[in-house]
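So, here come the structures, one by one.
In what follows, chain A forms one complex with chain B and a second complex with chain C.
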Partner chain A sequence: MKQAKVRPIEIAVLLLIALICLAAALGGSRLAIYNLTIIALYATVVISLNILLGFAGQASFAQTTFMAIGGYGLAILATRYGINPWLAIAVALALSILLALVIGKPLLRLRGHYLSMGTVALALGTASFANASSFTNGGWGITGIPSLTIGDLSFRNPAAFLILAWSLCGLSLLAYHLLGNSHIGRAWRALSTRQDISATLGIDVGHYKLMALLIAAAMASLAGSFYVAFTRFVGPDLYDISVVINLMFMLFVGGLRSTVGPIVGASFIILVPQAVAGFERYQNLAFFALLLVVILVRPAGLFGRARGGGALERLMPGWLARLQGDPR
Partner chain B sequence: MRSGGTGPASSFRALLQVDGVAVRYGGVRALEPTTFTVEEGSLTLILGPNGAGKTSLLKALAGAVVPRSGRVLLNGEDITRLPAFKRVRHGISLVPEGRGRLPTLSVRDNLILGWSSAPEKRRGAFQAELVRVFDLFPILRERMDQDCSTLSGGEMQMLAIARGLLARPIVLLLDEPSLGLAPMATARVYEVLAKLNAGGLAMVLVEQKAVPMPARRETTIVLHNGCVRFHEPRRPTTKELAALYLGERSAA
Partner chain C sequence: MSNACPSPSPERLEVVEITKRFGGVTAISSASLTLSRGSIHGLIGPNGAGKSTMIGAISGFIKGISGAISFAGHDLAKLEPAAIARLGLSRTFQQATPIAGLTTLENVMVGMHIHHRAGMGSVLFRTPFMRREAREMEAAARLVLEELGLAGEADTDAADLPFGKLRFLEIARAAVMRPRILLLDEPAAGLNQIETERLAHLVREQRRQGVGILVVDHDVPFVFGVSDQVTVMNFGSVIASGKPDEVYRNAAVREAYLGAQDHEMEPV
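After this line comes the complex of A and B, so read on.
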């Protein structure tokens, strides 16, 4: 069966990112390696959102909950119980999937704004719990998380971790692409707009929604664990509600249902604030102004596939519009 | 009220038996207990104005709503409580009102979804089934890789019917297939439906107006405010229909 096309511009962007990462791993500055690693890990969470919201149409704001289980799971198991960090990551992953299974059925009965509100509550609850509980060491967080190693190779070396982080991101992207072109992806896209019609086409809507949640939870949990393994610190600020909003910005700036969208969106939200640091007090203002411009020019995101451009797109020169690819 | 399936036509096997099916939404009665039988190769026409209960009846048949009371039997098997996604595998396929556009899915995706909802033992290879569908609607061949949101209303209706047919139904349910279509497209759609019905496919067809579609064996049910007002093995005359729509009890 015919595969959905990844547009040439998206393949070019992927190759460019691979080249940049390779160059950074071989001789990039510490800051460049740090930024690229963080981008890969956030992009992984955004890819999980692209499955949950982009494909299955479930507007969930609770990905930080699964990131937190991944992050705190690794930190607590490794520092308090001396468990091998890889095993700790696997246990945290299992816990995330278990939680998704337990809350999935009741949560996914909610639709539209109600699902959003329910998952926002879950995200707020997660951050509050992390901040208040002695189990998570409250606002101080947990430090001294052991580095990941494979044999003699230590991922304490940032360049090595950069490769590890992009491997996770790349595998997530591959999973996203394969799922999207499978019968599962077709069922998700169908139920995302019309649950009633999907059911009459033989799709078990509840089952497919739960599957999307489980896969997304697994990706977010792994990315959350890797983030903490990289910075070797975990604290409640990592799962603050502003992180939830940033994840959504990343998704929509990059473009819903776009292959490279999550990476481009994560890069934008992470790098642009640094780029406009010269505005000092007005740094945030400059960032949000740029964000607004992007949303006005490309309401479907930089690599979005929606038909028709934004209010300002008509003002763009033709070659620029073509470079972004035919939206269909 | 005359019970369906009796009389001279009863030598034909009953595929779908609707026995006192009633639908309520909260406290609102959408459909009073309704009984009829769909025989093999027949056309069951459900007519009625807006809000008469036509769509509620079809939804109860497709499994999209659970009836308040009554039973739905398919080939003698009780499917009243069977959820919609399982019902299609038993042989009930719905062509939904408003044509059921699924944005972000290509024409091919739509057809694959229809095909994969068919029971495995009744369906052929996808390519072989496609030939059958392209035979009925050649335009779909040209549109295969387009997003279905780019189709015209008539093309989308054809896709919705093709999707429903690929499910290899025993009974095909159609909810207002002519709604919002240009006269040319309506004629084309009914031409194909008549051909399928003549070929032996049993159909339950919901419409607001009289239907320009010949059928060898047919039953017409007219609903008004959720009640059956007419149930005959023929179509009501224009005069009868006008009287029924205005809510007068017909002596027909």
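After this line comes the complex of A and C, so read on.
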């Protein structure tokens, strides 16, 4: 089956990433380890979006809300109540799933743009709340979050955390792959384009959308917790509108429904701004210009398998379309 | 095929005097019909007669109906489309509709969805049970494609199939659910004569397997040729119902609907 095959190029990219991470863990610079860890954690959130939006077709912008519950949950429980950080992560995970259960039914009743607007509102509300509330220590954020440890092994060591972060990312990717190739993934993909037909085949559309949201919320919450455990700081900036948008960029630059797409997309959005830092005050301009080029030349994403790029592909000038092999 | 069930049976779809209004327009007015398993019921009538509204009402897509629609002891008017499907009622749509983004094979396999027993846990741990189930389902789906002559297109996006093949794919997708009742909304529309004969064969094969089939179509010879019972609707009301030859001879039907088409009425 088409979906079952991870293409050779994707396997090659995965192996390359594994090699790079191994090399970095053994003797990479602090910056390299930092970047790779952050990429793994963002990629995990993007994988969750690839399930929710890529498979189930639900364009949710509220993954930052679940990241925030993961991050603030760990910070508040561990610093204020002295709870073991692993337990704090588990409690935050439970809270995220609970919230997804409560808001899921009404939220997922919304379709298309209305769902997007509803989830944007949720994401903005989350950042505003974190910024305003004394419970989250407002704009100051929370510092001094204890490191994760397993026995004698402390994840205060960035190289150890690098491995931990990629383990989470790898497991998420595995879950994405296994679900996507099962009857569950098939049901998601069916209802993402044709809810009516899916219903006539006995697929409980609401139930399957909620299942996707719960899984996505769980992944985002864990990634959010790990991020905060790594940087040992949490603040409202981690969940503001630019992060919401960057997550979508990561998904679409990497390629919707692509296995390695989330990792490639996260790497692009995190590394390219650093690479063009030489442009100084034109850094953002250079970054967005590059982003635009990628989206125009590869509308389905760098590793995308979605059919037809849609509006952007039709807007593309003829010479550019021919350049990428579209016989027009 | 004799209608062997004189008393209300749990295996019978019963539509009793349903009425549906859209604003000021009455789409169906006090219409009734019954459909037993293992029989084919044809429903014909001019455009706007209320045929598609009937299918929409039975399958749960159209709500706000007065009257009763019952099957297997359930009041279908109260149920959502997915719940009705899980009772064993499947339907097709007027436009041949592939699920784009899914391959031809996957389009058939998604029709088998409710027969999967593996849950999310078995999927995430790839249990032997889940793997065997997935293998069996895929093999069964490939067999269906083989029978329909679609094996060569198993891995192409279903949206790329030509129209005639799409129609058969759509019926196959509904049939692999192994429904007890199958509602076909204009299955012969757009098919050529050879394809229509294949369709008639396919529908009879479903009947042989005990499925009760409601066929709505404009192709009068096709409907009269396959049906055990025919109901004729006009302006939302049932104007005749009975065995095909009785309905065929019914003066009101010939006048209201069939008059000009005498030469087209030889059953296939």
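Basically, the second predicted complex is superposed on the first by the 303 of 328 C-alpha atoms of A that agree within 3 Å, B and C clash if a C-alpha of one lies under 4 Å from a C-alpha of the other, contacts with A are read in each partner's own complex, and residues count from 1 in each chain.
Keep this in mind: a contact is a pair of C-beta atoms (placed from the backbone, for glycine too) under 8 Å apart; a residue touches a chain by one contact, two chains touch by 3 or more.
On a predicted model such as this, the values are computed, not experimentally measured, just so you know.
Peer 1: Chain A superposed: clash or fit between chain B and chain C?
Peer 2: Aligned on chain A, chain C clashes with chain B.
Peer 1: Mind working out whether A:L26 is in touch with chain B, chain C, both or neither, as first, second, both or neither?
Peer 2: neither
Peer 1: Touching A:M211, do we find chain B (first), chain C (second), both, or neither?
Peer 2: second
Peer 1: Touching A:T193 in the superposition: chain B (first), chain C (second), both, neither?
Peer 2: both
Peer 1: So, does A:I203 touch the first partner chain B, the second partner chain C, both, or neither?
Peer 2: Both chain B and chain C are touched by A:I203.
Peer 1: Considering only the touch criterion stated at the top, classify A:S182 as touching first (chain B), second (chain C), both, or neither.
Peer 2: Second partner only.
Peer 1: Do chain B and chain C land on any of the same chain A residues, and which?
Peer 2: Common to the two interfaces on chain A: residues 1-2, 183, 186-187, 189-190, 192-194, 196-205, 307.
Peer 1: Considering the complex alone, what residue numbers of chain C touch chain A?
Peer 2: These residues of chain C touch chain A: 59, 61, 80-83, 85-86, 90-93, 97, 99-103, 105-106, 109-114, 116, 118, 120, 123-124, 126, 130, 134, 137-138, 155, 157, 173-174, 177.
Peer 1: Quick check: in the complex, which residue numbers of chain A touch chain B?
Peer 2: Spelled out, the residues of chain A in touch with chain B are 1-2, 183, 186-187, 189-190, 192-194, 196-205, 257, 307, 328.
Peer 1: Note which residues of chain A are touching chain C in the complex, please.
Peer 2: The touching residues are 1-3, 175, 178-179, 182-184, 186-187, 189-190, 192-194, 196-205, 211, 307.
Peer 1: In their shared complex, at which residues does chain B touch chain A?
Peer 2: Contacts found on chain B: 62-64, 83-89, 93-94, 96, 100-105, 108-109, 112-114, 116-117, 145, 147, 149-150, 163, 167.
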